[in-house]
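Note that subunit A is present in both complexes that follow, paired respectively with subunit B and with subunit C.
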Partner chain A sequence: MSSSAPATLALPRILGPIRPRPRWREARLLAVVAVTILVGSISLSLAQRAPDAPSGGLEPAEPFHLTVYLGVLLLAHLAQVMAGRRTDQVLLPAVGLLGGISLLLMERLPQNLVVQTVGKTDLGLADVQLVWLVLSIGLATTLAIVVRSDRWLRLYKYTWAAAGVGLLLLTFVLGTEINGQRLTLSFGPVSGQPSELLKVILVVFLAGYLSENRSLLVEQSTRIGPISLPPVPYLAPMVAMWAIALGIVVVQRDLGAALLFFAVFLLLLYTATGRAGYVVLGLILFIVGAFVMYQLVDHVRTRVDIWLDPFADPSGAGYQVVQSLYAFARGGLLGTGLGAGLPLISGRLPIPAIQTDFPLAALGEELGLVGIMAILGIYLVVIERGLRIGAAARDDFRALLASGLALVVGVQAFIIAAGNLKLIPLTGITLPFISYGGSSLLVNGIVVGLLLALSDKGVEPPPPPRQPGRLARLARRAG
Partner chain B sequence: MDRRPVSRSIAHVGLALTIAFGVLAGWAGYWQVFRSPDLSNAADNPAVIAAARNVVRGRILDRDGKVLATTKRDANGDPYRVYPERSVSAVIGYSSRQFGTAGLERSYAAQLIGVSDPDPIRNLLKKFEANPSDPQTLTLSLSLALQKAAVKGLGADKGAVVMLDPRTGEVLVLASTPTFDASAIANPATEDQGFAAVKDAASQPLLNRATQGRYVPGSVFKIVTATAALGSGAIDASTTFPNQAKAEQDGLLVDGFRIREHPGVPARTLDLAHATEVSSNIFFALAGLKTGGGALAEYAAKLGFSGDVGFDLPVAASQVTNGSGKQPGGFVDDVELANASYGQAETFVTPFQMALVAATVANGGELMQPHLVTALSGRSGTRTVSPSPLRRVISEGAAAAINAAMVRAVEGTLGRQFTPGAAVPGITTAGKSGTAELGGSGEPHSWFIGFAPANDPQIAIAVLVERGGRGAQRAVPLAGSLLKMYFDTVAK
Partner chain C sequence: MDGFTVTIWVVRILFLVLLYLFLFGIARALLRDLRAASREPTLELGRLVVLASPAGEPAAGTTLPLDAITTLGRDVNNAVVVDDEFVSAEHAVLTFRGRTWYVEDLDSTNGTFVNGSPVDGVAPLGYGDEIQLGQVRLRLDRVRR
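So, the complex of A and B:
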């Protein structure tokens, strides 16, 4: 479809000469992370010990899990040292700490929340989560080392977009309905949530589209009264994005993904153009859409009503949110300590879906406000590193790609955390790196891997910029 | 090409996200620090429920240390509650594994279980202790002897008695009949039958009539009207209405509606004291009209009609009108206002509220914070609840005028006919009886509110007997005997 420069797909050069380069900063930070997780693990084992048990020595809760996890972090570090890349040294420790907190939380929750049988062994919640964490970190490290060119992302943005839309449609049609939400796609034994992957595809497409059409979006404008609007043809993507988000809400009943996609889209649009007018326009579209959805779609109205007053029906519709707030309140400033919170009521946890949708409430209870602030702080570190990589990138595509990947993590963390805290209506998306779930962890592993690759100062230079306005020209030619 | 660098936009986005996460942290602080105490102590908080299953709750004692609630263990060693005194069932409520909690067992669940320490610093330090639960024993201002006498006096009737010390707000009696067997609900062996027996009973024993029952007040409401009229300055103690004399004979014409007097009121102009003595409907209708609906509603609210007086048990809101009208205060028209001024119309009150009205007059116009729990004691020490004023409703002068009028209603020559047996021998007693007409056939509600001694009030009382007949028939003599008993036993 493209007549411009022939697309040469640069294959990764794995077999180059090996020139190790030490990464002292990453090593020091990882040491801090290891100590933190070790202390948390010991604290958890103390809390889980029966009150009348003889006081023994200090030992971690699940030594095997701990060893494997810290070992994988060390391997990821060593692999990057050996590869000799000059990539970011803060991301891996930050994400490693979040993953460690996740592992501790899953060890602390009842193991029978999730049971996977492999061969003859039953794997519990923490076992399965550990497997996903290891795969996620492995994936991130592999991408960080192997990806040396961004052409495969840059050149095929419409292909990616088509793949994304196809994936979405496939979920619409073939998805399995769970809890009234059609989010899961299954092929034989393998199942996953495509919306997690979709967010990365969205960022890749937007980075490509916006970097190519940036100058047009910035310079041209249509004035309607006092408001300066972007040129009408370029409004189309915004409206399309809006429509897709609304479609996700209606068909998939996935408010969280819709909110995430639209918010990331608006933030990236602003990043590319620097024009607040786009954001205002997008917010107006959002308010109109939200209002219409509230009037027309039952589950949207339910969610919003629960948000407005969960205590109106504390044992029915508002149950989850009320229980979440109770958990936060029980935590107070310092928390109850890992493993000492969340009472079981007749053998059941008070918050349903705690491991996927409410990990922050559990952590808020056991680590307190101090712990919540620390966790929010780590997310800010991840966001800041990602945006920094974007700001330092050599061209617009990489800048937008890196920023977009950071925003996907940051905005998603915000949406679910704010939902747990009743700041916004609750939506069922995962807390990145902490929630239980394979799709979420693997995709966030891809995000970290791409960010690390983009931060490499030695990566090949970007291709010369292409002439902007391809879409408009195509449209003109067609019309 | 003049382009702003992308990096500057990225910085803006980073700033926006930082602010967003800051808001998030602040919001977490709101729930985890500011709202933490009340949410952690909510009765349906799983921590409270979980603790309630295993923890031995603190005991509940009356003012003399008599046990009102204690704990036994069943065959499995699990604790359950025992309530030795049936007369306090409305106050104490119950705590059952199956049916949850009610009464003080509900409102003080967190303290009885010991998940919440009254001292915030100790609360924080508790998490470092091996056994953080410190169940508190509650000591009440309630007098079991008086409470039993009140329940016995109400007998087979449905009704309520509230007695409190107007100087401190301490509640000595909070009786509601019929009572119920709370032990049967709490005991795992009998809980199903015990709860089934009272849950749907026509006599509604689970309804605390003192704090949750709302009744037409009849003439006892005239004290509220007097409070508003004097408080707002609409009348003073010597105000008379020239048109009253004729109206006593022919009825008072308000907007075409004729308000009739009950028999026994002389056809002449009266001041506040004399009008209270003979319980003139016409005088209080005129006083209410002069005061206006807005001021009447305002003073009712000051007396605690919203129910939001911070009492240890939930109190239903009382009302002077249902608020459907557009006139000041929510009245439909002057007819409703005039009728409400002597306690008919859309006026509904709880016996507890009327006791607060009597206590406010008794305490020189200042309403004290009403409370039942006077001390919480556990391992970590004892915290006492000291009396505190809730608000000043009217001036001491206005209160003195109403006090004098209420003395006349009990001790005056004509007043005695309405309140036979209310006066405690040797002690000047103030009060007001009420006969709340309910329309249709059937007996009216029988009411009395009052206090004694009039010159130095130590005890205020409100008595309601559902369908008890005229005030003088049931409520008045019961109040008199309870006041006498108070001075014979408690005040000694």
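So, the complex of A and C:
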């Protein structure tokens, strides 16, 4: 064999022969990411060595964490080169940069915010976050290499939906309450937030359902005043979705997840049908639901009241939001620089839950408006890639799945960013790829992995279109 | 301003600049993607939209992808089967030559019409033009990417 021939190695049949394919664009972008994170880390350690730096609770920037993280990004890149699939080359660097910013932020915050003891060693905030980041990127890369067919998602959509509802009910019944929200499900030492996984299941189900019944949903036969709507039976999913969202608010007190689910549902419905009537109806349902919830549920009322006037009780209920606004104000245009924000006021953090709910406020203080715009820009890039993968997809299911996955990340980032900025009431969901938290990082890793796998043009062709769904056949018989 | 403060300031700004450099790199990649996509020849050359079809085959509202040579007629061997009592077995053929579509009437009994005027032999066809065979009306559409 001549040296110029592509190296072909025998490997387990699943993976097939290895034909490496260079990914120069990804390599170049990853190089920029590595330099950026390195400079950020230097900036952080310099700020901590400054004579006038606010002392107390500051930890030196850890070169070990940095090496491990960049090493994992490089490994993820090399693994994809070896797999030789023609997948998207922009997603990994974009997500890698967000993860790097997350790592810098977690190193900069007091390490005792989170302590997990494994064996005899105590792991601090940055240690734990690094572990989750590594697992998340590993998961994304594995899915990007291994997933070659979407059959397992496409054919079992009702099974997935049932699993999702089961997970939700399990959380309703067995979930543990933290801060008045019932979000966490724990089995012995393992605990997680199912609503994070639910958002992916929701997108898979909606993509399957909408791609199968799309032509029927476009029909207009019911009219309510000026809006024309499809036949009444096809409105059932919308009402069911609305009920589930309200259930999440009432039982779990999880406004963020409810808002995220309903928003993604409406966006996908509009993507699939192109009918504005659905969006109008959805918004009416949303307003009615929000009004009723405001009247009935204390938690909702508190959140809305804080949003309307956080300064009514600046040291009590409105404390977090007020401090977040101060943080943004301190940051100004260019920020105070990494590590130079206000870490502690009289021994405690100015913003409680800063690592999960307010990372954007911390970044806004230290990187300023300019930095925040760049970070939001990276989220836009992730959304753009997802929509583009969807637009290039060969059939409706893949198109809806890819756009839905990208939108779920984008909408989530928007909801929490807008909450931090007091644009909408604050809801406790995570900022994708930046917030501290295992469930969030792992699920977003799954999202990126699926998007990468879907972006491969050489994936197995979609199965021949099956008969339209049962609803369709019934409708045809009736009409 | 001592050296240390200046260094901190420079590193801080450098970090922000690098964030934007990354976005700029991505923007360039996206632009190149778009350019490549616009250069790529479309696989589908055009499609026919069925505007009216009293007999129901092909059904009104459906879109039919076209090959470079597409035959139309009542015979089942045609690429597009038009089941209408005023359509001949081999009625017409659509061909894509160079950059234009042409429609050729295959000596059908009732004739082929483009935008209402009868086709004598071969006639060029533009996107958006309407073809009529018997009672069936079809529109040639460009494939949007």
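We take it that the second predicted complex is superposed on the first by the 440 of 479 C-alpha atoms of A that agree within 3 Å, B and C clash if a C-alpha of one lies under 4 Å from a C-alpha of the other, contacts with A are read in each partner's own complex, and residues count from 1 in each chain.
The working rule: a contact is a pair of C-beta atoms (placed from the backbone, for glycine too) under 8 Å apart; a residue touches a chain by one contact, two chains touch by 3 or more.
On a predicted model such as this, the values are computed, not experimentally measured, just so you know.
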| item | value |
| --- | --- |
| Subunit B versus subunit C as contact partner of A:Gly274, first or second or both or neither | first |
| More subunit A residues in contact [subunit B versus subunit C] | B |
| Which superposed partner A:Ala374 touches (first subunit B, second subunit C, both, neither) | second |
| First, second, both or neither for A:Ala94, with subunit B first and subunit C second | second |
| Partner chain(s) touched by A:Ile42 [first = subunit B, second = subunit C, both, neither] | second |
| First, second, both or neither for A:Arg330, with subunit B first and subunit C second | first |
| First, second, both or neither for A:Glu384, with subunit B first and subunit C second | both |
| Contacts of A:Ala27 with subunit B and subunit C, given as first, second, both or neither | neither |
| Those residues of subunit A which subunit B touches in one complex and subunit C touches in the other | 51, 334, 337, 368, 384 |
| Residues of subunit A that touch subunit C when the two form their complex | 25, 28-29, 32-33, 35-36, 39-40, 42-43, 46-47, 50-51, 89-90, 93-94, 97, 334-335, 337-338, 367-368, 370-371, 374-375, 377-378, 381, 384, 388 |
| Subunit A partner contacts - residues on subunit C that touch it in the complex | 4-5, 7-9, 11-16, 18-23, 25-26, 29-30, 33 |
| In the complex, subunit A residues that touch subunit B | 51, 214-215, 218-219, 267, 270-274, 314-315, 323, 325-326, 328-334, 336-337, 340, 342-345, 350, 364, 368-369, 372-373, 376, 379-380, 383-384, 387, 390-392, 396, 399-400, 403, 407, 410-411, 414, 417-418, 421-423 |
| Residues on subunit B engaged by subunit A in the complex (per definition of touch) | 1, 3-4, 6-14, 16-18, 20-21, 23-25, 27-29, 31-33, 35-36, 39-40, 42, 44-47, 49-51, 124, 127, 130-131 |
